[in-house]
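Order of writing sets the labels: A, B, C and D. Residues in every chain begin at 1.
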Amino acid sequence: MAVTLTGNSYGKSEVRLVTVRRGADPADRHALKDVTLNVRLEGDFAAAYTQGDNRGVLATDTMKNTVYALAAEHPFDDIEDFGLALTDQLLQADPHIASVRIELAEHLWERIETAGAPHPHAFRRAGTERRTAVVTRCPDTVRVTAGLEDLVVMKTAKSAFEGFPRDLYTTLKETADRLLATALRATWRYSRPDVSNIPFGPLWSEVRRVLLATFADHDSRSVQHTLYAMGEAVLESIAGRDVEEIRLAMPNRHHIPVDLTPFGMENRNEVFVATPEPYGLIEATLRRG
Amino acid sequence: MAVTLTGNSYGKSEVRLVTVRRGADPADRHALKDVTLNVRLEGDFAAAYTQGDNRGVLATDTMKNTVYALAAEHPFDDIEDFGLALTDQLLQADPHIASVRIELAEHLWERIETAGAPHPHAFRRAGTERRTAVVTRCPDTVRVTAGLEDLVVMKTAKSAFEGFPRDLYTTLKETADRLLATALRATWRYSRPDVSNIPFGPLWSEVRRVLLATFADHDSRSVQHTLYAMGEAVLESIAGRDVEEIRLAMPNRHHIPVDLTPFGMENRNEVFVATPEPYGLIEATLRRG
Amino acid sequence: MAVTLTGNSYGKSEVRLVTVRRGADPADRHALKDVTLNVRLEGDFAAAYTQGDNRGVLATDTMKNTVYALAAEHPFDDIEDFGLALTDQLLQADPHIASVRIELAEHLWERIETAGAPHPHAFRRAGTERRTAVVTRCPDTVRVTAGLEDLVVMKTAKSAFEGFPRDLYTTLKETADRLLATALRATWRYSRPDVSNIPFGPLWSEVRRVLLATFADHDSRSVQHTLYAMGEAVLESIAGRDVEEIRLAMPNRHHIPVDLTPFGMENRNEVFVATPEPYGLIEATLRRG
Amino acid sequence: MAVTLTGNSYGKSEVRLVTVRRGADPADRHALKDVTLNVRLEGDFAAAYTQGDNRGVLATDTMKNTVYALAAEHPFDDIEDFGLALTDQLLQADPHIASVRIELAEHLWERIETAGAPHPHAFRRAGTERRTAVVTRCPDTVRVTAGLEDLVVMKTAKSAFEGFPRDLYTTLKETADRLLATALRATWRYSRPDVSNIPFGPLWSEVRRVLLATFADHDSRSVQHTLYAMGEAVLESIAGRDVEEIRLAMPNRHHIPVDLTPFGMENRNEVFVATPEPYGLIEATLRRG
């Protein structure tokens, strides 16, 4: 019987890169970058699988070394720029490689405030939120996706869930006033043909600002409703002119009002139990035009 | 500017179901099933997103209830069978639903041995390994994928990595004898048109047996080489007759020989440091014919 | 042979409490509290262990219910105050109970900024850092410990490690300039006899401010050296007048400079690999007087 | 104001050691050991804290190197033996060291079965369970504690919880037949004065066997009741002659029967939801005599 290798890829995951740039500005402040990278290659690697021929297999250890060497030569402000440089370098590393995909997740640090001012070289991790990017490059094309993940938000007003269908298995009560909490993941694809010229940093900040503001202000009838409003607001914002498509994923981190009636008390929508599982998961993709 | 909703799905994740069947066999032994389910629906849900109209939104809480009610009515041995029944039920729950996808992960328990015999109603969790299945159903088609994940294995002989290309950034030494460890994830798709008739349990056990035996015995020149051999052995086995395609993912959990020369000692390939990150990740898909 | 029960305790762990207070201030802003609690009882429970006599065993489910009922009756700003009220209530719940210990961990949320102002009812999780407290109460005494954990900080200057002893197994190089990163855990015990009168909130903020400022500014010769300086600064601060003892634990999250010499490059202390394990762990307790 | 350093310790945590012994037996089978170690030192380290004087601070990196060098020189079957050798070596490493504490956790691997026989050099991780040991050594004394952790077990019969007190906040129903699941942690201290002569491996296996058998067979009125029976059975077993004291911790991993009455169905104690939090936590210490 014949067996065919119909797809394959390989790479190095969870490469941890931290860089410090000293004297990067007049106040002699250090600039800190903290990034986790996944490198994935596709290409002509069949001989390695079927015959154990390693002559075309760039070692994943070499990929890791390439990341560190490039980081020394190529200081960066925006992870998208580093991804662009890295895909460029790796695509040339071996003729068997047909495409390179780099996933980057930046762990965010804020300067510690001392004596009312940001400290030049002391930092505090700003949370679980990560700025993300994916750069995919073939010889002819390059694509940049930016994003964020694990941005945990909650609203305690302007969230309802009513009017859903009721069948034999429906016990959920309608509510005009519930807590709405999620760990937002968003990714958006840039539409400009010339990726070398995109102001990645300002655009990322603006998209994030619009997402947060819309989440906060929206009069939500469901997670779906708010998710769509958030994506729509991004595409209609100034930053959205450069965004072709945005994907949003919002797990519904349920907060259940505690039934206090057994204790002769009323819960005026003030006391909740946060539940880790199960959770609703709502996803959608919105596109301009 | 126009905004289009180009894709969406929603559902309930991490539904935890445990069932006990009593007196299921002559020895009055209890049968225990422990499963985590993700339910995903696709369909005509645009009004919920764009207008906050919930009339077509089956509540994710109702999906959860449906799981438990069905489990009471429909005791099962194989998670594939439960996935088939559940997709069938949910597809009929609301006319807006176009397709249902159920992911199931079974946590495995073994009977505790007491007095040299398996205990009728006491169990020990058998490890981190999970048996998995995905059932996807539209009105016209149903597809079943089986699998396993987090099957952690290591071989301490018959693993080499030599002959790979060396460039400016290559520092990895060639080795004819290394440790090879991974947390295997495998998924395979059944080819029979009539899914109601597949002996899911015996097939799963046989695929797993072939994967383990091939991993153990293979003379490995790389992870790629062994991954392919494992997939090929499955497709060529008796179980493979029912398998159309198999996907394997093998993270390379590196074990690095410790350099003892600074202490005036030699490491005869006996002392290693296990490293959690970074790790190589090798993936491929093999198909019959 | 005689067997003696020499110690025992039981309780409920990971009780998740979220409360919302509406209209708590003139701007009609909502106040959000998000706390995880562990409840532990000690007392005369031997009959439950040795004879299966449950007449003195307050169900852990009842403990959980008590948390939620009390939260509805007793809105709080500071977790220490809620711990004081809860220990008081539980100590009276059953005559078998001799002492109650409540551990509280507050997950911190910040208001989302929209239109340049903090939003009245939308929040962003402020990070992994948690504010902690432990309240322990017997009929005659009550003790309050406050703290914080998982406050992740890094300094990129003013950190050295030199002059340590070198033996046969020492390969670590001396360095006058390294990165110093940690996930700080601190707990401090209040010395006032009347715990009902302590301004827990302002004291917590002030201790945290002193810890961060000292970490940032200290000229560190080792983790031990900086840890001591941080504890000393707290005890010598204004907040320290109310603090009898402080314990600090600082895991050393190593950031290793990457050796770029194989690539013909020099690492000017700019490129590092962050390593999750192993890690140094430094702990100490400092006391006034 | 005077500040006093009242306690301190430091060390290296999460040192990952994997060793392979080749030709360890007639069948040329490899022996695999996979251990995580924490090293803690106490001693005269005040100058490091208060003055930044590192002359007495054995680097934690040196501790790690010592682990690997000793593992090469001192192959071991039982982690207790390696802990004894390591504490001995480290206590002599520097005169400032007054005591050494080593915590060891062994990750267990089983041989893969191929062709009906255990494979000589291929292994499967046996689960989340870990064999543990703590060795503490001062110049005059040494103490060995053995144990296990994360041994996940469940019984589906012979478990009740009835007769507990009911107060205003009690809503839990009494039950004569519930699921009882836990992740057992046990530690026991050996009583022999001469620790060099204890058959650690057989004793560990026997204690584990007694714990499992008692859990399985016990007619449980509560977690407390079963925990005590398990500890008592160990102390009264043959292995118990060498055990002075045993501590057990049993989190109650609640499995809640699903209320099916809203769906017009009855739950005959067959369908449960597994809940991760909150959980009861029961702990006790039993001693001989």
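Keep this in mind: contacts are C-beta pairs under 8 Å (C-beta built on N, C-alpha and C of every residue); 3 or more make two chains touch, one makes a residue touch a chain.
Source: prediction; values computed, not measured.
Visitor: Note whether the interface between chain A and chain C is symmetric in residue numbering, meaning over half of all numbers used appear on both sides, and answer same or different.
Guide: Shared-number fraction above one half, so same.
Visitor: Looking at CA centres, what chain is most distant from chain C?
Guide: B
Visitor: For the chain pairs A-D and C-D, which is connected through the larger number of C-beta pairs in contact?
Guide: Higher C-beta contact count between the two pairs: C-D.
Visitor: Between chain A and chain C, what's the gap in Å when you average each chain's C-alpha atoms?
Guide: 29
Visitor: What is the distance, in whole Å, between the centres of chain C and chain D, each centre taken as the mean of its C-alpha atoms?
Guide: 25
Visitor: So the centre of each chain is just the mean of its C-alpha atoms; given that, what is the distance between chain A and chain D in Å?
Guide: Roughly 38 Å separates the two chain centres.
Visitor: Could you check chain A for residues that touch two or more other chains and list them?
Guide: 16, 65, 69, 168-169, 171, 262-263, 276-277
Visitor: Please classify the inter-chain touch graph. Allowed labels: line, ring, star, complete, other.
Guide: Topology of the interface graph: complete, with all chain pairs in contact.
Visitor: Within their complex, state which residues of chain A touch chain B.
Guide: The touching residues are 1-16, 38, 40, 45, 48-62, 64-66, 69, 93-94, 161-165, 167-172, 220-225, 227-228, 231-232, 235-236, 240, 245, 251-252, 276-289.
Visitor: Could you pull out which chain C residues touch chain A in their complex?
Guide: Per the touch definition, chain C meets chain A at residues 16-22, 30, 32, 34, 65, 68-69, 71-73, 75, 109, 112-115, 119-128, 151-158, 179, 212-213, 215-217, 255, 258, 260, 262-263, 265, 267, 269-275.
Visitor: Which of the residues in chain D come into contact with chain A in the complex?
Guide: It is residues 168-169, 171, 262-264, 276-277 of chain D that touch chain A.
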